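Two complexes follow with chain A in common, the first pairing it with chain B and the second with chain C.
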Partner chain A sequence: MGKYILKRIGYMILTLFIIATATFFLMKLMPGSPYANQAKMTTEQIKIMDQQYGLNKPIVQQYWIYMIGLLHGDFGTSFQFNNQPVSYLIASRIGPSMQIGLQAIILGTGLGILLGAIAAIRKNTWVDTVATFFAIIGRSIPNFVFAVILQFFLAFKLGLFPIALWDGFSSSILPTIALAMAPLATTARFMRTEMVDVLNSDYIELARAKGNSPWQTVAKHALRNSLIPVVTIIGPMAVDLMVGSMVVENIFSIPGIGEQFVKSITTNDYPTIMGLTILYSTMLVVVILIVDILYGLIDPRIRLSGSEAQN
Partner chain B sequence: MTDHSGKIQIKPASFKPVAAANVDEQEKISAPSLTFVQDALRRLRKNRAATVSLWLLLIIIMISVVSIWWTPSNPNAQNVAYANLPPKIGQGIPGFSGQANVGGRIVDKYAQAKVPKGTYFILGTDYLGRDLFSRLMKGVALSLLIGMLATLFDLVIGVPYGLISGWHGGRTDTIMQRIIEIISSIPNLVIVILMLLLFTPGLGSIVMAMGLTGWITMARLVRAETLTLKSQEYVLAARTLGESPIKIAIKHLIPNLSSTIIIQTMFSIPTAIFFEAFLSFIGIGIPAPNASLGTLLADGQKTFRFLPYQMWYPAAVISIIMIAFNLLADGLRDAFDPKTQE
Partner chain C sequence: MERILDVQHLKVNFATFAGQVQAIRDVSFHLNKGETLAIVGESGSGKSVTVRSIMGLLANNAHIDDGIINFKNQDILKMTPHEIENLRGNDISMIFQDPMTSLDPTMPIGKQVAEPLLIHGKATKKAALKRAEEVLELVGITNAKNRLKDYPHQFSGGQRQRIVIAMAIVNDPEILIADEPTTALDVTIQAQIIDLMKELQHKIDTSIIFITHDLGVVAGIADRVAVMYAGKIVEFGTVDEIFYDPRHPYTWGLLNSMPTLKTDAERLYAIPGTPPNLLNPPIGDAFAPRNPYAMAVDYEAMPPFFKVTATHYAATWLLHPDAPKVTPPTAIQQRKAEYRALLAEQQDQHNTTIDEKIGDDLDD
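Up next is the complex of A and B:
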């Protein structure tokens, strides 16, 4: 297990290195100027600006400086947002994103597990049909459509929540629900399939034969065993959440990193785009690694075959 | 043969011995034998949700094919005099009468804008006076085009990549899988956004980004299946007889992979449609003035307090398309792989 984890961490670092390198050179190739009014600037002014941001050095040297900076947690300085260091921009904006993301994943997986389990236990009844219907709706309708619908009915028509404002817990409810729909649907669907499998297995029959009530059997035996594979979908779900956060944060005007990312793209703010790209990738790679390790720890049967499959 | 209580009475006379000469006839299979695809289609037809989705999608596809040559009016033509007209199909049809509630009074917007009699905008107009129905038609056509291209990438890149990786195994496989791992550990959207920055935003760069990332899942599935198929006896036999790998792939592997391939393409279509709409919604997808479901929804969202109809129709259309594709994909999966259906 130790060797497996070390190997995975090695690949993770390699991946991140490639991503950082690719992002750096892509940014250098990009059209458009980082300065807002380059047409109005004299060559002299551009030279001074280039010097200030280190853009006059050879590309290889710029790359070296950037990589060394990354190791120290320095993502460079934003071209657009008041010349703030990118790391500061990220640090001041990651709070709201994290809050909404965590709330969404807890709400989504929690309700999803519940919905999926109930659907499996009441298989082929109207409960199952309703649950499956909700799962398909949740999976199909894009999160920005959900966000807009929630905003229209709950915030605008009924006035229960602020429309687009970041001020305390009540303003985080609608974005959380909008983001939670996809994880909810995915979890419910996965949970149902797993639970149906588990409920058909011999040990469940044994548990029933021992005289456990149906609910005891489900709570003590079925639920635990069906939860194991559900762990694997947390990785892809985290990605969906990151992507979703960009648009949901925009719709509800939340000062998070998703909103920042979109803003940076529309303003050609290279250092911020690079910093956020690397941040997103790191979060993703780490989440996937943690999920893989957790999976091996939870279910020892998978550990061996899992590490073999890696080779 | 039932008595008054409804119970079945079986007497020795109920049984008739079969003539021994009829054995051959008994062994005959009376039902027509079905091929794999026929069997799958039969199962698909039984799935009501999938059938309805299929018909719905066929209608949508037909409408968008029509939109290539004909739309009720030019989708990009601006006419500020006719801006923000509500939907109108005819007089007195609720929701489609061309009237709007302005400050508590019902006003005929069409009369106010001096629209000539007989000119109707079925879904109204936007803030530049462009016909929303025509724009919606164009937007749907674009979404379907994106979906088609996603399928193309799945088939042209994903399938061969998976086949080669799985067939060769060893070092080739390791390297190819490592490449996939690296590509897939960059969030898909980040790649798309980097592509959009590198090339000018528009259909081309979205397609480019899809070409880089869209086929990954397909490649993975095909590789996994190839690994198991590779050691099947019939493949071994073909290899022993000296068949070339390309012929084995075409004659033995791809037919056996067909259900996986069909199902996966059906799932990548809605994913691609979602991505285009998403990018256009946040403003880095299809550039103005062209219509996409994402831009239509984003434009509608800006004014939803006063002109909610501009938001509802694009939202409804994209939701319907996504649900229909997902239901159809689910149906196809159950039809091609009955084992997954409990």
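Up next is the complex of A and C:
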């Protein structure tokens, strides 16, 4: 298992290197410059600025300098905020984003699994219909629409939650719910399909033949087997959350990293774009690795191939 | 002999889009304590539905319309779901057809075998695993102690069926139902599993209902045989009576389509035609359209059971006193002749032993 993880980490580093390289060159292809008021600047001033930030050097050389810096853990300095290192910028803003993202994925997948399982057990009853209805709504309405609806009714009209400020857990509830809708719906649909399949399998009948009650059968045999394919979709859903969170963070004025990402792109803040891309990519590959390890824990057949890789 | 299970006039219907399928049409049989009863018949004859009714494991669209299933003088059909759960895997347990899909792929086999003990509160976790190990050894899983933590995919098909059998016998059930336990296995493994079942008959004190469509398997394992066709039992008797003195034309057909060492024909016999549609079962003998010996009455009225011996009954109008005498197929006649010879031989041996005994007594 240890060797397997090491191997996977090696691939992760390679993946990140490719992503960093591609992003660097794509970013340079973007129109515009990092200077907000370039029109008012003289050629002389631009030259001085370019020199200061090293933008006058050939692109390949700029790339080389950046990558060397990266190897030393230096993400560069943000253009937007004078003299603020990108690493500091990220560190100060990642907290709220991580909190909301994690809460949303836990709430979404957890409730989704529960809802899907109940829908499968009560297949073709009103419970199933209601669950399906919510799943379709959750899947088809974008999270920022939920965000606005929640904000309007629960925060503005009823005043139950803060409207748009960042002040601990209570202000994280609405954005978490808005973000959790999509993963909830996807997980619920997936879980229902899998569970219906599993409940029709021979080993479930055998579990019943052993004297398990219907609920015991679900808890001991059906749940775990239904989870195997569900776990695989959690990875892509985590990506959805990271990308989707930008807009939702904006709506609730959360000083998160998503908001920063959008700003850095519109202002051609190269070091910040690079830093955040690498951060997001790292989070993504780590999530995928965790999902793969989780997959092995749930399904012993996968675990075996893991230990074979070790031999 | 004590009857451990008594099924009377069981009727099971399945609600389908096309209408009510009459899967079981008035089936009665009993199981004596300690014996092995084989239920044979082709696919769709209602064998599995019969035993699933006993287990209370019928599909949702099935409905038991009539009948009594007495287990130790208690009607299973009148029990609450909870009472049936207490019976399942405890007093009555079942071996399933396909070992490749019958085991939970994500649970170690030791835990799976120990599960019935834990559900029914028969043992602590530790004791249950110990017992699981014993039973796994009994069914022929070598080195069972070190394999308790292994998962189903780490075993071969034959081994998996042994594990399924271990699960069924771990609680010392009164009745063991084996639903075509060898159908999904290849021939050499089939023989091993049959040998194991025979071995278990001696080692554990359990009454067995053995369902199969393979008459070859029946001969070696059963005490009594019930032949099913189109949701009804058409003939039942001791294994010798069914194999050597069958009376129902369907049983003749079944026996004729089984190859023996003496079969020298180019083609193996097959019963012509297909079973009737149980959406609208025929009013008369369901086998009549495929029966070369069918009479007019077979199409008009359902034959009752006619007594052949105290243990042997067959539902065919051919046994009616007014029916014309027909000669069964030659192969069946040969079987009868062989059997008579066998009986005579046994009788001789019996007589000699008695003679010897008398001789011994005289010597004293």
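The rule we apply is simple: the second predicted complex is superposed on the first by the 281 of 311 C-alpha atoms of A that agree within 3 Å, B and C clash if a C-alpha of one lies under 4 Å from a C-alpha of the other, contacts with A are read in each partner's own complex, and residues count from 1 in each chain.
By our rule, a contact is a pair of C-beta atoms (placed from the backbone, for glycine too) under 8 Å apart; a residue touches a chain by one contact, two chains touch by 3 or more.
Source: prediction; values computed, not measured.
**Q** Put the two structures on top of each other at chain A: do chain B and chain C fit, or clash?
**A** Superposition result for chain B and chain C: fit.
**Q** Taking the superposition as given, does A:23 touch the first partner, chain B, the second, chain C, both, or neither?
**A** In the superposition, A:23 contacts chain B only.
**Q** Is A:286 touching anything from chain B or chain C once the two structures are fitted on A? First, second, both or neither.
**A** neither
**Q** Would you sort A:211 into first (chain B), second (chain C), both or neither based on which partner it touches?
**A** In the superposition, A:211 touches chain C alone.
**Q** Scan A:202 for contacts with chain B and chain C and give back first, second, both or neither.
**A** A:202: touches chain C, not chain B.
**Q** Name the chain, either chain B or chain C, that contacts more residues of chain A.
**A** The partner with more contacted residues on chain A is B.
**Q** Quick one: classify A:221 as touching chain B (first), chain C (second), both or neither.
**A** Touch partner of A:221: chain C, not chain B.
**Q** Closest Cα approach between chain B and chain C after superposing, in Å?
**A** 5
**Q** Of the residues on chain A, which ones does chain B touch that chain C also touches?
**A** The answer is that chain A has no such residue.
**Q** Along chain C, where are the residues that touch chain A in the complex?
**A** Going through chain C, the ones touching chain A are 55, 57, 82, 85-90, 93-94, 96-98, 101-108, 115-116, 119-120, 151, 153-154, 164, 167.
**Q** Contact residues on chain A for chain C in the complex?
**A** 201-203, 205-213, 216, 220-221, 224-225, 228, 298-301, 304
**Q** Help me check something: in the complex, which residues belonging to chain B touch chain A?
**A** Per the touch definition, chain B meets chain A at residues 174, 178, 181-182, 185-190, 193-194, 196-198, 200, 270, 274, 277-278, 281-284, 297, 301, 304-305, 308, 311, 315, 318-319, 322-323, 325-327, 330, 342.
**Q** Flag every residue of chain A that touches chain B in the complex, lowest number first.
**A** Per the touch definition, chain A meets chain B at residues 11, 14-15, 18-19, 23, 26-27, 29-32, 123, 136-137, 139-142, 144-145, 148-149, 151-152, 156, 193, 196, 239, 242-243, 246-247, 250-251, 261-262, 265-266, 268, 273, 277, 280-281, 284-285, 288, 311.
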